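The chains carry the letters A, B, C, D, E and F, assigned in the order they are written, with residues numbered from 1 in each.
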Amino acid sequence: MKNLFVKDLKPGNEVTEFFVLRKKEIKEYDGQKFLKLELGDKTGRIEGVVWDNPEHIHDQAHTGEIVKIKGWVTTYKETPQLKVEKLRKAKEKEIDLSDFLPTSERDLDSLYEEFKKVVSSVKNRELRKLLELLIADSSLVEGLKKTPGGKLWHHAYVGGLLEHTLKVAQICEKAASMYELVNRDLLITGALAHDIGKISAYSARGFFDYTDEGRLVGHIVSGDEIIDRKIQAIEGFPSDLALQLKHLILSHQGQLEFASPVVPQTIEAIILHYADEMDAKADAFTHIIKTQKSRGKRWSDWVHLINRYIYLGEEEENE
Amino acid sequence: MKNLFVKDLKPGNEVTEFFVLRKKEIKEYDGQKFLKLELGDKTGRIEGVVWDNPEHIHDQAHTGEIVKIKGWVTTYKETPQLKVEKLRKAKEKEIDLSDFLPTSERDLDSLYEEFKKVVSSVKNRELRKLLELLIADSSLVEGLKKTPGGKLWHHAYVGGLLEHTLKVAQICEKAASMYELVNRDLLITGALAHDIGKISAYSARGFFDYTDEGRLVGHIVSGDEIIDRKIQAIEGFPSDLALQLKHLILSHQGQLEFASPVVPQTIEAIILHYADEMDAKADAFTHIIKTQKSRGKRWSDWVHLINRYIYLGEEEENE
Amino acid sequence: MKNLFVKDLKPGNEVTEFFVLRKKEIKEYDGQKFLKLELGDKTGRIEGVVWDNPEHIHDQAHTGEIVKIKGWVTTYKETPQLKVEKLRKAKEKEIDLSDFLPTSERDLDSLYEEFKKVVSSVKNRELRKLLELLIADSSLVEGLKKTPGGKLWHHAYVGGLLEHTLKVAQICEKAASMYELVNRDLLITGALAHDIGKISAYSARGFFDYTDEGRLVGHIVSGDEIIDRKIQAIEGFPSDLALQLKHLILSHQGQLEFASPVVPQTIEAIILHYADEMDAKADAFTHIIKTQKSRGKRWSDWVHLINRYIYLGEEEENE
Amino acid sequence: MKNLFVKDLKPGNEVTEFFVLRKKEIKEYDGQKFLKLELGDKTGRIEGVVWDNPEHIHDQAHTGEIVKIKGWVTTYKETPQLKVEKLRKAKEKEIDLSDFLPTSERDLDSLYEEFKKVVSSVKNRELRKLLELLIADSSLVEGLKKTPGGKLWHHAYVGGLLEHTLKVAQICEKAASMYELVNRDLLITGALAHDIGKISAYSARGFFDYTDEGRLVGHIVSGDEIIDRKIQAIEGFPSDLALQLKHLILSHQGQLEFASPVVPQTIEAIILHYADEMDAKADAFTHIIKTQKSRGKRWSDWVHLINRYIYLGEEEENE
Amino acid sequence: MKNLFVKDLKPGNEVTEFFVLRKKEIKEYDGQKFLKLELGDKTGRIEGVVWDNPEHIHDQAHTGEIVKIKGWVTTYKETPQLKVEKLRKAKEKEIDLSDFLPTSERDLDSLYEEFKKVVSSVKNRELRKLLELLIADSSLVEGLKKTPGGKLWHHAYVGGLLEHTLKVAQICEKAASMYELVNRDLLITGALAHDIGKISAYSARGFFDYTDEGRLVGHIVSGDEIIDRKIQAIEGFPSDLALQLKHLILSHQGQLEFASPVVPQTIEAIILHYADEMDAKADAFTHIIKTQKSRGKRWSDWVHLINRYIYLGEEEENE
Amino acid sequence: MKNLFVKDLKPGNEVTEFFVLRKKEIKEYDGQKFLKLELGDKTGRIEGVVWDNPEHIHDQAHTGEIVKIKGWVTTYKETPQLKVEKLRKAKEKEIDLSDFLPTSERDLDSLYEEFKKVVSSVKNRELRKLLELLIADSSLVEGLKKTPGGKLWHHAYVGGLLEHTLKVAQICEKAASMYELVNRDLLITGALAHDIGKISAYSARGFFDYTDEGRLVGHIVSGDEIIDRKIQAIEGFPSDLALQLKHLILSHQGQLEFASPVVPQTIEAIILHYADEMDAKADAFTHIIKTQKSRGKRWSDWVHLINRYIYLGEEEENE
């Protein structure tokens, strides 16, 4: 449990505290090796340096792990910097992940209950069997609860994947009621599974990052592999249904340029794609507006990912 | 009222019948002028030629108008062709537009009742006033009823614009209930108005075509002009609200490349865009699947507009 | 009238002076709120901070307004910073806008006389009537005089819109004499009106910025609305002429990607587009060459907007 | 075994012969249903029609199957057409696939021997184990032998996949000898496996076509699934090695737009991508030049897939 | 001199006449070789076939040459076709190129006089010297006179290159008077030389086509080579001036995608680019409007090269 | 010969040393002119300032030249800065270029011997003659030895052009043995010549930079001009061979967007393109991996030029 957070560090402080190790790199200055670190918690990041025994300290922990630091705060180029004297990996019992990662405002267990409720609404025997295999896999369930919906852009908090998944399912449920040709159970199963590969693609140890799998394989194909392995384990799963379900996962980004290896070719796939986009963008806009609409600001900063400013709206009347 | 339709014309037939004049062009063959026509009704198209008095007959009607033809069916390059002897413009009372244009399966009046019901759900005073001005304008209401949702691709039938508008509003209603920051009345008004410019951009006389305004100005800006003129007529319409509403219309195609002069910059605009896309694509997929899923065909023909085949699914019945 | 300009501020100076308020944002440091400002005049920008009563001072003025400041200059991260003690909105009579905004080297009134001369060269009755309505609208005329041709890239100074408009008209006049099918009066009217929407899209109070309308509607559609309203006021304006004129405004950026909702479809539109491009780029190149060709520099810095370096040319012999 | 090939069919011929059924579709003409077929063999295609019992005959075979036809040749629009009286599915023993599909000029078994030789050159224990699992899977080996390298563009013949795979491995072998950091066994394994998903993505029954899996999942992900399943079956396969091998398969098209869900991020991946491109394009150019360089033609027809003409070269001297 | 033109050929005609040989290809039908030709003149094209001695006749002429044909007109698929019995290459004195190629409405010699007048307006010694070398080269001058401005799209007639060049120079002259930094002589020389490579890139023997050089090198680099060789022949041509002039030629298409290997980096280059675009597009629009504005047509056919319809305008009142 | 390198400069040092002058610009601070410099050597860069006689010192040397500096090291914004008192151009004999530019690990002369060996493997008489003219041109040979393969991205060291050229030739040799239609001598000559224009396009005086020719003409066309001039000097060089060779140079970047004015249209051209790409990318990946794979780093920094991270692989040693 932390007492001192990054945002509260002031020059002169002596610090004995836990941080997540975000980056580490051996560098050299004037012929002398030193270790440059990036440390963080849920309130921010601070640069760290180690001048004594940099190589030894480098080997104490991997990036992504929580470490216990002893050192003091100085300034370098008018920015706070941590001079680190000692560093060791934290023990499991010393860590409270919520000190490091932002977390859904909603309770994870109740979100997961809602997820299971959607599962139980699926009538198709094989799809229901598949979904039950997924939630019988405790490592998947644990992953589902702790993985964010995205790294930066939308639902970037523990529980975000669950929240996003449920909202996409909700929009799909609405669409299934509006368009007669839609196979509702297929669409809902696709909605529940569409981002399941993010469990392998993101790490959510001390901060959100891509895993090697996230970069080398990508969350879309990771999700396809998870589903493929479960389907392999179900005797007699209809091959046509398997292809259509995989197609939902593989095509949900909608275009090749957005890393889907195939484009939506079924009515369920095209609906899932827009449901996914609508929820992701609506959440991202919501997050930006909430964060940036401080008094007197009417437009967001430039949003690089979508190349535009976002209108924050007029100030409320009663201010 | 027609008796004989294009799909039933056979070589040798003598024909005295109404058709819509889709194209006309004076051409020359071996030093002699003739008039080449394209005639049609809701069942198809047939080429026509006029060898006598081509220039006189050319001036009898404009393209898009219904004409009465006297002639007979021959073949040219093994394709039926109408040799036209006489041609005159049809009189208003001779015409039943439903012989020429496909029409919604739903009743236009009941669709419009539904539209008015959505209007009456808007509580915001100025938006409500604006919507009431729109439905008080009988030429707009008439346009709303007869305009298709698109020329080729989705909702391409009389009443299509109304159907599409209502479905988009329905998805937006759902989204308004899901995302806390959404201004529901603004979003619903945007949904109702987003394609209103199609009334000026499409002609739906004897066949669906772009008007000059549809090509030179475009349905997006035409819609903005309609709304701007109504807003000018409302004393004290808040300028911020006006900008946001126009923004919904102008940005609803989502990207500059799709002819929106601005990209969505408000949460309502981003939701409206995806609601519009979802309904347009779901309808287009539905139409393709219904039309092409004949026995033994499992994939659609290549769909040029979206560069893909669409999966029609397994045959159902007795397999 | 200013005495002290941003480029002359030195650490230690006590300052009681007018600046334009470019940005303001309430922030927090170590549990204490403060107000971060960006202040400027025509010579540059400086960061400002307010530690006492930040929220009260925040409410004294909007961004874009001229304010009177009392404070002193310090340095932060080796960059000058203004510690602000007092801030109030400037009174109209205290302000000389030319202290804040760069201005055309040419006299605004003589530019406007030239504009009116071009207006009077238009013979077509309706177009002439329309142009006369525009110049009878004093707020439009005022806007025309003070609006820049662009925010950053070309003609970025008071009077720039007038200068750009006149040059585009000059090129169009030449083209009208070269290509027989061109409707000269239509083309010239389009040239005069093509950027008129910038009057609503840019604010030129204390610095150049986009207005809400500039972002949510865009200068192209704003221009179309201005013309549409004037045309509505002219009885019997031919609808075909109206469409063609609007088409000139709407298509002048030449491509959908550049925010034109329609592409040029008439010979006048294609000419206007290239005339506009030629003048905008020639002015931008001129500005970059003049500004950067200091002794010993033969190439400009990288120009992000067009992704290239610009060749400044050899040094003159006699230097 | 066929006697009469499509290219030799002449109007008036009575025909009792085997063809592959490429397409079938129930249509209607003048109120009467008929069945429209596309029939083919390795020399070409011909349209077929069935007027009697079209629905019954429709159900005799699936597209892609070889059928025995009784009918006669007529002409329709000056093009030969087969009027079909009888149609039944061919029996396995009646079929010689080489009548229908183009085949490698090289012997399939000797190509496969060469493939096994490359397998045996891999020293890394796990990769070797994996490759041996692949060639122990008889359905994979059969697929490997009969699948083309591409549907239209390169190596479009039985054995083409083997030929292409071996050439890519050959270029990779060269590259491994040139670039010191390359993991040779990993690169060669990637070369051997990169297109293995084509076995599931193409059908090579009576003509080359995409399977449902080829369209809904795509050959890249199908290949990844095949490898993933084999890796799951190998105890202790290093996860890092697995990720890198999958990465080779997934990234080999080089860009997202070309349906790779990830771009090459390792030195082996970037080399495999260019080796694949070089062989595919060199084969396609070779095929076009060989096919089109008839006397007097110095340039190919327009090649749509790559938007260019190909230079066929000067005529040989001795002509 | 021709008596009978393609547009006047009627089935049954016996024909002994000159045509340009546009294409030739040996084909096979039913085991028998035949020669398929495309023949043409300035009024159109017709297919030809040779059944006797196809290989011998094939060798009588190259594509692009004028041939004398003996044969008769039949129909094939309801389209006229020439059965060719005899074919020989035309003699130089038998040919009048104006029977085959469309020609400028203006006199070639007077166009060339105008070109020389512009040359003589250039004061800069080296540029003037260079231009004089160009016009001293009789094969270049001959090429300049007979080459079209483009193959299909603009100025597609003998003399078109000269006309286009002069109009571009005219616009550049205007721009030079408007923008102070422009080096007028450099810009005018660039305008005169910008398309000179088309002389090598197009053949204008019996019909307009690309030469091998036009395809393998391209008109832009061919033009650069012509200028480079002339500059090599001028002692002491300033290297900086040479680079800037070449830059004008190389960058005049404005963007890499349009085959310019460099983008415009000087003020002269950016102006030349837009002058070139404006004249090319204005001519293309003029051509389309003139050709297609027949009575009753208000919009052009779809123009593939620029993906749009062109508005032809209202019919004149008095027709 | 240098004693003190940039990476060893420490605040307080008095410095009398040679550096390359990378940039120079006259600026103004508080009404006083000063000269801002960028100085460098092969170990790094440092900012320099001159307060006394800035304009005089500005004129002592051009950018790209080696200068001798007298001054002392201070810090500005916590970064070292050189206050320069004296500056003069270095004399030829004082300079050892290897102090300034990174150099191939291989011996330049032995690389060049290898190059000549490839030349001597070319049997075709004219191509051999052409290559011999190239290596008989001592300024070309000198350029070949000292020019880098690229400015930043691959082979960015003296000798890099030679190394890259040889590796591309090696891959082409392999391809020539694999694809029967390839003209080996033409392909090898193209490989040797493909980047020869970089000799004119890059300067390698004290640091690597583009020359004016590199920017205004580009290395592709510069290479074409070099080859064109040599071919002009060879009597009877076959024009078809000349076109094909130029085509290899002009098309080797593969796509218009990458500054090739023509796309590959021959089998040799398509192979050369991929050989070039493979070697350039393999070298770039190698360089990044070698430079960045320090202990504990498993992924490279973001590589802007290709928009991705590169996987550096697992640590080796004690695993």
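Methods note: contacts are C-beta pairs under 8 Å (C-beta built on N, C-alpha and C of every residue); 3 or more make two chains touch, one makes a residue touch a chain.
Just so it is clear, the model here is predicted, and its values are computed rather than measured.
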From chain A, count the fewest steps through touching chains until chain E is reached.
-> 2
How big is the gap, in whole Å, between where the Cα atoms of chain B centre and where those of chain E centre?
-> 42
Interchain centroid distance [CA atoms averaged], chain B/chain F, Å | 59
Expressed in whole Å, how far the mean CA point of chain B lies from that of chain C is 40
Per-residue overlap in chain F, given as positions that touch at least 2 other chains = 77, 212, 215-216, 240, 244, 247, 265-266, 309, 311
Based on the touch definition given at the start, go ahead and assign the chain network to line, ring, star, complete or other.
-> other
Could you run through all the chain pairs that touch each other?
-> A-B, A-C, A-D, A-F, B-C, B-D, B-E, C-E, C-F, D-E, D-F, E-F
Touching residues (chain side chain A, partner chain F) in the complex | 24-26, 30, 55, 58-59, 62-63, 76-77, 212, 215-216
Residues of chain C that touch chain F when the two form their complex = 8, 10, 77-78, 294-299, 309, 311
In their complex, what parts of chain A are in touch with chain D?
-> 212-213, 215-218, 220-221, 224-225, 228-229, 232, 240, 243-244, 246-247, 250, 256-262, 265-266
Provide the residue numbers of chain C that touch chain E in the complex, in ascending order.
-> 167, 170-171, 174-175, 178-181, 240, 244, 247, 263, 265-267, 270-271, 274-275, 277-278, 281-282, 285-286, 289-290, 306-311, 313-314
